[in-house]
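Down below is the structure, laid out as structure tokens.
Letters A, B, C, D and E mark the chains as written, and numbering starts fresh at 1 in each.
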Amino acid sequence: METFGKRYHPPGTPPGTLSRHGAGGETCIRLFEYDAEQFSEILSPSVTQCQAALGNTKVDWLDVTGVYDPAAVNQLGETFGLHPLALEDILNSGQRPKIDFHEQYAFLILNLPHLVEGEILLEQISLFVGEGHLLSFCNGDGTAFEPVRERLRQGFGRIRTRGVSYLLYTLVDVVIDSAYPLLEDLGEQIEDLEEQVLEKPDKRILNTLHELKRDLLLLRRALWPQREVINRLIQHDAELVDATMRPYFSDCYDHAVQVIDLIETYREMLSGMLDIYLSSVSNRMNDIMRVLTIVGTIFIPLTFIVGVYGMNFENMPELKWQNGYYGVWGIMIVLAIGMLAAFKWRKWL
Amino acid sequence: METFGKRYHPPGTPPGTLSRHGAGGETCIRLFEYDAEQFSEILSPSVTQCQAALGNTKVDWLDVTGVYDPAAVNQLGETFGLHPLALEDILNSGQRPKIDFHEQYAFLILNLPHLVEGEILLEQISLFVGEGHLLSFCNGDGTAFEPVRERLRQGFGRIRTRGVSYLLYTLVDVVIDSAYPLLEDLGEQIEDLEEQVLEKPDKRILNTLHELKRDLLLLRRALWPQREVINRLIQHDAELVDATMRPYFSDCYDHAVQVIDLIETYREMLSGMLDIYLSSVSNRMNDIMRVLTIVGTIFIPLTFIVGVYGMNFENMPELKWQNGYYGVWGIMIVLAIGMLAAFKWRKWL
Amino acid sequence: METFGKRYHPPGTPPGTLSRHGAGGETCIRLFEYDAEQFSEILSPSVTQCQAALGNTKVDWLDVTGVYDPAAVNQLGETFGLHPLALEDILNSGQRPKIDFHEQYAFLILNLPHLVEGEILLEQISLFVGEGHLLSFCNGDGTAFEPVRERLRQGFGRIRTRGVSYLLYTLVDVVIDSAYPLLEDLGEQIEDLEEQVLEKPDKRILNTLHELKRDLLLLRRALWPQREVINRLIQHDAELVDATMRPYFSDCYDHAVQVIDLIETYREMLSGMLDIYLSSVSNRMNDIMRVLTIVGTIFIPLTFIVGVYGMNFENMPELKWQNGYYGVWGIMIVLAIGMLAAFKWRKWL
Amino acid sequence: METFGKRYHPPGTPPGTLSRHGAGGETCIRLFEYDAEQFSEILSPSVTQCQAALGNTKVDWLDVTGVYDPAAVNQLGETFGLHPLALEDILNSGQRPKIDFHEQYAFLILNLPHLVEGEILLEQISLFVGEGHLLSFCNGDGTAFEPVRERLRQGFGRIRTRGVSYLLYTLVDVVIDSAYPLLEDLGEQIEDLEEQVLEKPDKRILNTLHELKRDLLLLRRALWPQREVINRLIQHDAELVDATMRPYFSDCYDHAVQVIDLIETYREMLSGMLDIYLSSVSNRMNDIMRVLTIVGTIFIPLTFIVGVYGMNFENMPELKWQNGYYGVWGIMIVLAIGMLAAFKWRKWL
Amino acid sequence: METFGKRYHPPGTPPGTLSRHGAGGETCIRLFEYDAEQFSEILSPSVTQCQAALGNTKVDWLDVTGVYDPAAVNQLGETFGLHPLALEDILNSGQRPKIDFHEQYAFLILNLPHLVEGEILLEQISLFVGEGHLLSFCNGDGTAFEPVRERLRQGFGRIRTRGVSYLLYTLVDVVIDSAYPLLEDLGEQIEDLEEQVLEKPDKRILNTLHELKRDLLLLRRALWPQREVINRLIQHDAELVDATMRPYFSDCYDHAVQVIDLIETYREMLSGMLDIYLSSVSNRMNDIMRVLTIVGTIFIPLTFIVGVYGMNFENMPELKWQNGYYGVWGIMIVLAIGMLAAFKWRKWL
């Protein structure tokens, strides 16, 4: 995940300026129209088809993926009467999740996290919900919504019999729940790491710990505000979230809170693990140094003794004793054993 | 306790999908019907018996333990008119404790912690309280509710003369209070550990400390929201919690708060103990290294001196002195004593 | 102070069960009846005397100390119509301070901290305040209330001319203010410790620091909720706390807040002192090791040089030089001084 | 950034006293008058021109940069009827961002951060917004507003067709958004530093880390209150922020919140990096010391052995053995290899 | 600053008991009476003069400094009808800043910090504000109010033309702003310290850091509640703080908040500096130990080699080689250079 991760215009640029960021893939627009009886899916609908969709009584979902092209966004904005600042937010990805209530529609920005080759990526999901229609913009490839599209196509579950609010719930639910597989994966990484830290602490653990902490920090920044977004959606908008939909959005809210809970718990676990890692490493180092120093300490006095009898004084009576040499060995062995015993007794060994 | 510990469906699964998680034991359903005069207990009641229970004026407690079978849950859901999302929550254990108010009933999820062979396990308790009936689902073996069942069977205390709200209180009280024996046990572990840390710090303490911290962290995640659940129950539901029941639920609330207080205090005590442990270990290590280094430092100059008189220069007058050898010993003894004294004086020994 | 410190019944016990905890001393009951003119004190009043007290217009204070006997508490509960859960709370000491408003009375639980032989003990004070009467239960020996009893007996100050609310204030004030001598004592201990830490850090400081931190942590847990109790008393109960009593209870509230402030400040000071202690110890250790290592480092090359001339090669011209021996000494002295100078210059000494 | 960074008068100075702080550049006053059709820009307008501006129906922007001169500020204050305390705040820079609602106008103080030669500087922006006119005071050179001036001059975008509230939004937007380039720059510095910390930790990193942390701390102090300022502007002032302007100011608010989010994330990342840096350094040091100590430990026993055979005892049979010398070499080689193997086996090497 | 710093009576003392704490200087009472036209100053006014002051329409300021004498305070309390608890608070200094609204007056306690010989002292300022009169009690020498007295005497600024509310503002402003010179001084100390920490970390820095942290902690405890006091004054008392006075008290509030901001920033900077100091010290120590250990490590193998040729074996062919001695020197020089190179290559030097 990017540390800064925000696209923006230079300060002073007129609001509503749209510009292309990054290379991006190609934009794909799908228009789903359905009610309990009928269902149609139009790939790359024309402006006229879009306007027709606005007029009818069916639920219309304009599903835009791979949003990088200012011109396309601008045209859709004009067709559906979207606020220029909202259009700017769609293109300038890296927004903080938020909800704005405009006269004609509610505008939500959410972050969809997913793992790509072990790295966490964020897709920005922008949703406009008006009466009978929903526009979704996703600056990634939008595969996360594929199960929803399939449910619509197959008519599986209740989705086709319910209105636009149920569709909104379905999409929000996908976005929020997409954190679970990620967090399960991270949870397993953390448990593995914990075992390693307790059993065989290793230098590479430090970097892994740091990267996990960093990822969780950035993930928290990206997901924390979603809790508030859903809360405001429930509190504020009696039309979108009526009595029958309330349990559904409540459920989303509970999941958003639990995601934050999990992230926070993980962060605290990692902090605890860093402490344990550092202590383990320092314990291990201390053990090594202690043993080495003890080896040294035992030989230093012995070396001194042999040094004494290496002196060349003419008058050193011990040198002439018959058993002097063996006596010195005896003294040294006693001394070495004594020192070892003393260290053992003091629990230094 | 599990780090992630949440069962979930892949994002995009239709809401209300029920599926089996884990192997699980067998489901046991008991139907208790009682009022001040009468009492009956039916094991594995039929659907008709359940529907009859809904109709009468007695208090009905449908006590389901070992919930793992989607079909059974689904059938009960249909009989009692429960929301599909709630049924999903019962099976997908690892939910965050919560309370939802539906039209016909209130739905609570609580976590019941208990110790099994030194490890903390969580049972998820799901409660539906409607007019005159209560459904409890427990994904463990439900032994925690055994004293309540006994009180009902024996007609002991006030429980049979009171309504469904008192039954709810009794169950919630059991769930909340089940943390006390656990925390008393943890408290004793912490006090033992504290004594060890202060008196004989040992390498294994580190792992114990870490595991206790981790358990408290996960326990806090599981129990923290229960405080809010009971608070909302008291605030919100004037029907369930009337003036006579309010002191009882207040008492539950106080206990829930105290449980959190205890967990937080324990966590801070463990943090303090980690600091003390690290300092003690480092103090001990410093003592060892200091003594060893001092031993070395005393012998190094002595070894130098004996080295000097081990040189083979032809012209070294001292070597020929009659008492040269004894003089060197004298100098060395004086030097060694002087160094020891200096170290003592500087409080290095 | 006890880490867990809470008495409780096994989960599932019927609410209102009373049982004896601990050995406890003997219960002492005193009934004070007074108004501006009259005063009487009855030791161990009979049930009839208690009931008479309830009826009359004087202020009645039933002052119970040493509460451990379930039978006595139960009888008083029946006489004065107290809630069974409240009676349970009186006996199960270690409650979190709280206030409950019942129909006939307000029920407060407070913690009275005091020092006994250098250790902090908590007495649980339970107060029932009804119209014209106050019941106080103290599970210690109740000496803290002796000055109040004396003021009543002597008729000193305003206490006899005021109602039950003033009596309540007086008792609450004693409980809250009893933290001041304790905190003054702890403050002095902390200042002494601080001086020691800065001037001569010592191993025993670590344990003292840890014990102080632990005591403050437990003290905070015990006293923190009292602030909220008094606040709720002021906010909620317009009858007990009328305009004339408000400044008095406000004063209590300010003191409760200041007690928390002091505890928090002390805790932060101790944390700061731990950092300083650790740094001082490590500085001292570094100093020792540095000097010792420098001594070693100076002698190691010298020992090498003397070793060189201790070699037994037949062809070593230096050995035959007339002043070889003195030359070597010269070189060694120059080297030693040079190394000392280099260390000095690098500020290593 | 300055640690204290606040200009103030000695306590007791009468409120509204204006005095010059610092050397400052020269004051530049520009008066912009415009509506949808007309536009004029007057450099250094006279008092009469200002008063005329107040009277007409066009939007008037009095843009004052380089504010250091008490006399000029005082005259403008009198002309536009500004509160003396507000004038004092303009000159005494280093104010906390705030908003005050006076009868005739709203008064905002904001901080505009920008990078000058790698150092973060703050310009204090003071804004007075009354009916149809806006006064901006900037104690820097005001180049940040240049794009806005250009947009007015060119009539680019919607700015000329909208009222004073849109102008206010434009200026506030510039101030808030000016943090983005700064934070992007800091984010890059942090990522670079992170790579260094993980790959080749170096002593200079410590100072860089500290300076970044310090800058972020001071930046947070300067920008944190801006969130509240904009929130109060939206909540409070229905006249300035009407339904059409609300999305614009909402957008500003979102940006202000995101800026704080980014600062907090950066601060936590830096804290994590300090931990990692310290661990890396200590790991590296441990590696060095371990290897060195092992070298020492291997040679110390060997030196002892050669010392033994350097002794001058007359009766040392080994010395006379034909292969004694080679035997000693053999023993020493075996010993050295054995020790190396033991260290390897214990994973000390 | 004192750690405990609170004067109190033993728990159980009747409320409103007044007693002398500390030696204290002499009490000085000044009565200022003024309106737009007139001004009089009476030193040590009589009771009658005080009562007269209460009756007239001028603004009366009774300015009491050096408050230690219970009798004097009691008499003033009776003359002006002050609450006994408030009088107790005046004498028992070390109160937490607070505001109480009594029927006849508002009662404020504030802390005035000032530097005396490098140490921070707190003066407790107690203010009673009733209709047309203000009583100020200061338990120090009251020099901080001298500029206000001078402004009154000289009739400088608006002070004489405004009512008692403006006088209150003036005094509160002096108290709040008195923290600025202090914090500027502390800010400079911190910047100096920072430079030292980064450039030449030194043992004495530790104590300075600790003392600064401790002072800021106690200062925060003393000043933190003042923010709330002023806020409650603005919110609560529409009479004292009317529309014209609101900007003035708002300004005070902003300053009180900024003071807290500065204290918090300083505390975080000091924490950061402690980390940096510890790292620098440990870096420096590591450098020393590394160099010393390398010196040792190079000479230990050399000493071993010379030891080898110091052995007295009869059969050591090398000893008889013509160039044996020079060969050994060659080997040793190569070895030493090789080791130095290896250390250099591994970046250990």
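In this text, a contact is a pair of C-beta atoms (placed from the backbone, for glycine too) under 8 Å apart; a residue touches a chain by one contact, two chains touch by 3 or more.
In this text, all values refer to a predicted model and were calculated from it rather than measured experimentally.
Contact with both chain B and chain D is made by A.
Taken together, chain C and chain D share the touching chains E.
A rotation of 145 degrees, rounded to the nearest 5, superposes the Cα atoms of chain B on chain E. For this pair, chain A with chain D, the centres built from the Cα atoms lie 25 Å apart.
Averaged C-alpha coordinates give centres for chain A and chain E that are 41 Å from one another. Counting partners per residue, chain C has 282, 289, 293, 296, 300, 303, 307, 310-312, 316 as the residues that reach two or more other chains.
Beginning the circuit at chain C and passing next to chain E, one meets the chains as C, E, D, A, B, using touch as defined. Across the complex, chain D is touched by residues 2-4, 6, 8-15, 83, 85-86, 89, 95-96, 98, 100, 102-103, 203, 206-207, 210, 213-214, 217-218, 221, 274, 277-278, 281-282, 285, 288-289, 292-293, 295-296, 299-300, 302-303, 306-307, 309-312, 316, 318-325, 328 of chain A.
Considering their complex, residues 144-148, 151, 156-159, 169, 173-174, 177-178, 180-181, 183-184, 187-188, 190-191, 194, 198, 243, 247-248, 250-251, 254, 257-258, 261-262, 265-266, 268-269, 272-273, 275-276, 279-280, 282-283, 286, 289-290, 293-294, 296-297, 300-301, 303-304, 307-308, 310-316, 348 of chain E touch chain D.
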